[in-house]
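Structures for review follow.
Each of the next two complexes has subunit A plus one other chain: subunit B in the first, subunit C in the second.
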Partner chain A sequence: MAKLSCAGRLKLLLFLATTGLVALLVTAPNGGGTAGSSALDKAMERELARQARAAFVRELYAPVTELRDAGRPQQALLKLEELARAYPGDPFGLVLRAEILRELGRLDQAIGHYAQALRLNGEFLDEQGPFSRRTEIRLLVEEGLATLLPRFQSHPDNRSLAATVKEVYYLQSRLAGGCE
Partner chain B sequence: MTRRFLLLLLLSVFFLPGCDRLGERPKMKIAYMNCNNERETYQRFAPISSYLSEKTGVEFETVVVDTHEFEERMKAGEFALVHTNSLLYIILKEAVGLKLLATEKRGAFGTHTAGALIARKGSGIEKIEDIKGKRLIFGPMMAPSGYLAQYDLMLAAGIDPERDLAYYAIPAGAFKHEKLIYAVYFGDFDVAAAPVLDLEEMTREGKIEADDFTILAQSATFPYCTFGAAADLDPALFDKIKKALLDLGPEDTAELDGERLKVFKTSWAEGFEDLLDSDYDGLREMARRANMPPYQSY
Partner chain C sequence: MNLRDRHLWLVIFAGLALGSLGALLAVWGNPENSGICVSCFLENSAGALGLHDNERMRYLRPELIGFVLGALGSSLLFREFRSRGGSDPLPRFFGGIFLMVGCAIFIGCPIKLFLRLGAGDLTALSGFAGLFVGVWGGLRTMVDQVRLAPARPRRGSGLLVPAFFLLLLVFLLSGPGFLLESSGGSATAHAPRSVALGVGLLLGGLAQRSRLCVTGALRDALLLGRRSPLLYGLLAFALSAVLVNLFGGVFRLGFYGQPGAHTDQLWSFFGMALVGWLSVLIGGCPFRQLIKAGEGDADAGLVVMGMFVGGAVAQSWGLTATAAGVPLYGKVAVLSGFIFVFAWSLFSREDKTC
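Showing the complex of A and B:
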């Protein structure tokens, strides 16, 4: 079988997801238009869309993941720059960027990018979700508090440290979840 | 009547120059490190000077300075502020007690940057040890991310750049960093000392692809370009300037030659941050290991 390019695989994936969605909608029991069946259709649509999106995101960022797995974080970062031309500000891209920057020793940048990604999309905190980064964020918060907080306390007038510590608290607050 | 007129004229002669002096703002110079060429550097940074003038009431003049002239001209007391690469900040701190004002943010590492050794993909050069006997192109000697970082990487790998390479060269003129990346891309050199920021920008602009090159080694990150102030600058003015730089945002504008320009857009900066002098210690260690100024010994 001929090897498909990344774009080719993406197109195939989207085609399969769309075909699957159409097939499900056509073959799904009609139920005479009751409220129950309509809700079921919607739930299935949502689930399919979620799965298609997850597959698309994985496929899109597969080259970045491969470079990271090969121990080439800087090139993974450059690949993200390339992808950002087509998908600027994508929260999944921001999370990957945060992880690579952390690997490369830029804790403040990693914190900033995680915070930015969470402001755009909270699903990274969903423990059961396909893109969960809950553990990573928790570890980042712990590291941030252990290393940045004492630094900030020794230099309380430093605005940059203050801003980064504030972002650590923001991440901590997002991990804690909502409250009335 | 004539006597009254003469008296008025006499008073005017005494008081008008005084009025002029009242309206005068103190004048100071900011030295900016010449990057590609004098004209481009001026157009890039003059809006920052203009912005600082508006915020502080001081009339700042923009002066473009060659990297190698900073120390002498700072010692002569010519400049109140300087905007240089981080190595020059360290050198000037040692030489004239330069005070850290703010660090520029640009690119993925924010206030920091790094240097990398790169080879063309498929060239057979896969790791740093492979560069022995090869042709290498460096950035300018005082460039921390285009020379010092890579020199230090080679030393750490047991490679003496002076003895173990076939030869090395430094390109002249403008856009040196881009030139050396292209020099490897087109096969004129085997290895280049590339600033990571340039790789990132060229990738973003579509000039190169992320996998055109193999990154053989990459340095730890260290601070990017830095604003410093003369040791004798009035502390109140120092605080005012620092606040103005840290407050500067993407929507802030300044006037240059009758035009209002967005300061970040023209200067390519993405912000200024309040780093500590100790954040520069990693770079200091690099300079010591590579026997570079301000720690050079013979």
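Showing the complex of A and C:
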């Protein structure tokens, strides 16, 4: 048998390794064995965590929803305040607050809370998500542009109004889409 | 401008294809004003590979794979594939990271800058000014004797990045369990995979043949003026994007309420200035780096790997700008990028006396 040169040996090893890799992939069980199933487990874990979070949020804020449905928005706000002490900065609490404030006619504060919630979690803009508030935010932006913008144009030195208009533009930009 | 020059027409055709297909990809499902955005796509793809924790930015973008493999195919077909490398590899890797930082602050790469402008987004004007100043600054440093180490032929190393993208193509087609995909957010906005891959392959091939590059066009315009073919390619790109957006009914002129944009003009300027400066030093914008990596340039391949890491870091560390503005650590990262560029330039001067 002829002796292989150094390069020839390397080429042979390269060929053997490539053939082995192809053979392994071709003969591997569907899903890639245990490593593959652990990857699938991760996907299931993520879905479970998402659903568990949705259920937890609904349960947590159930008293607030009940008070709103009972026509007691002030008490619902107080309950939200109480929950915010236990779970500060929770974006869903901010969205509920924004909705109640809007019902109470506080457009500027509702806009501020929606913007704050969206900065923390963009989920509220997803069309299909369990917490989607896309329609509500779109209507709020339309109302904000129709009512606040003319006021701001006639009082450009009003700082609080300027800040609210900036938040309206932020919400409008997020609604327009694009990369996050 | 020599109208009989075939290369000129090739560049113009590539520019038209990039602009029109870039705008059309947004119509076909990609995020608004972001039909093609190399930096956004890299962030999405890094997320899909599990390199960052932003659940809303995970999708293996077929366009990226198409750019590299299209360039590989074209360079092999026209016998232009040259495996080469060894020019300041590690600084280039870090340069790739900071390219992504600059793009993340502006929200988009130089291609997206023109797509945003083409859709009427006037907030991108400050980014354009920054890119122009950055390219000019990069050219000035070149005049000041800053030279990177020369690349040498290196058998095999130029194949590594195309091989990596071939592996990504296998992942895209087979969908292994470890590949992540967002269930909400901008990563869920995407054109059909086959269309995106096809467009990527076509543009990759065209860009390889024409050498189209956004920062290269600005650089050549500064050096050659109206004699630069790339300048006409860039104009064709911008014009076709405007026309497609106008006819598609998505052109909306204004500063406010634009998709994927913010009004921190100063930081948009700095972000793109960093991208422009770095691009001149390393020989091309992020898109051009992908194309060069496809034609065997291992140095550009290292920039691409750096961009992957940069995309992951920008997302994981919260450096990226959003419609709400630029976060503090994003600003810190941009300034760190400038420190890196200036220090690299300082150490790379040929004539140390000047």
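Structural remarks
We adopt the following convention: the second predicted complex is superposed on the first by the 141 of 180 C-alpha atoms of A that agree within 3 Å, B and C clash if a C-alpha of one lies under 4 Å from a C-alpha of the other, contacts with A are read in each partner's own complex, and residues count from 1 in each chain.
The rule is short, and it goes like this: contacts are C-beta pairs under 8 Å (C-beta built on N, C-alpha and C of every residue); 3 or more make two chains touch, one makes a residue touch a chain.
Small disclaimer: the values here were computed from a predicted structure and weren't measured.
With both structures placed on the common chain, the touch criterion links A:Ala43 to subunit C but leaves subunit B unconnected. Of the two partner chains placed by superposition, only subunit B is touched by A:Arg85; subunit C is not. Contacts of A:Arg174 after superposition: subunit C is touched, whereas subunit B is not reached.
Within the superposed three-chain model, A:Leu107 lies out of touch with both subunit B and subunit C [touch as defined at top]. Of the two partner chains placed by superposition, only subunit C is touched by A:Gly129; subunit B is not.
Judged by the touch definition given at the top, the superposed model places A:Arg159 against subunit B, while subunit C stays out of reach.
Looking at the shared chain after the overlay, A:Ala52 reaches neither subunit B nor subunit C.
When the two complexes are laid over each other on chain A, subunit A has no residue in contact with both subunit B and subunit C. Interface of subunit A with subunit C (complex): residues 31-32, 36-40, 42-43, 50, 115, 119, 122-123, 126, 128-129, 169-170, 172-180. Subunit C makes touch with subunit A in their complex at residues 31-34, 37, 40, 56-57, 107-108, 176-178, 183-186, 188-189, 256-263, 322-324.
Against subunit B, in their complex, subunit A makes its touches with residues 67, 72, 74-75, 77-79, 81-82, 84-85, 97, 101, 104-106, 108-109, 112, 151, 155, 158-161.
Residue ranges on subunit B touching subunit A, taken from their complex, read 108-112, 114, 116, 196, 199-200, 203-204, 206, 209-211, 215, 218, 220-221, 246, 273-276.
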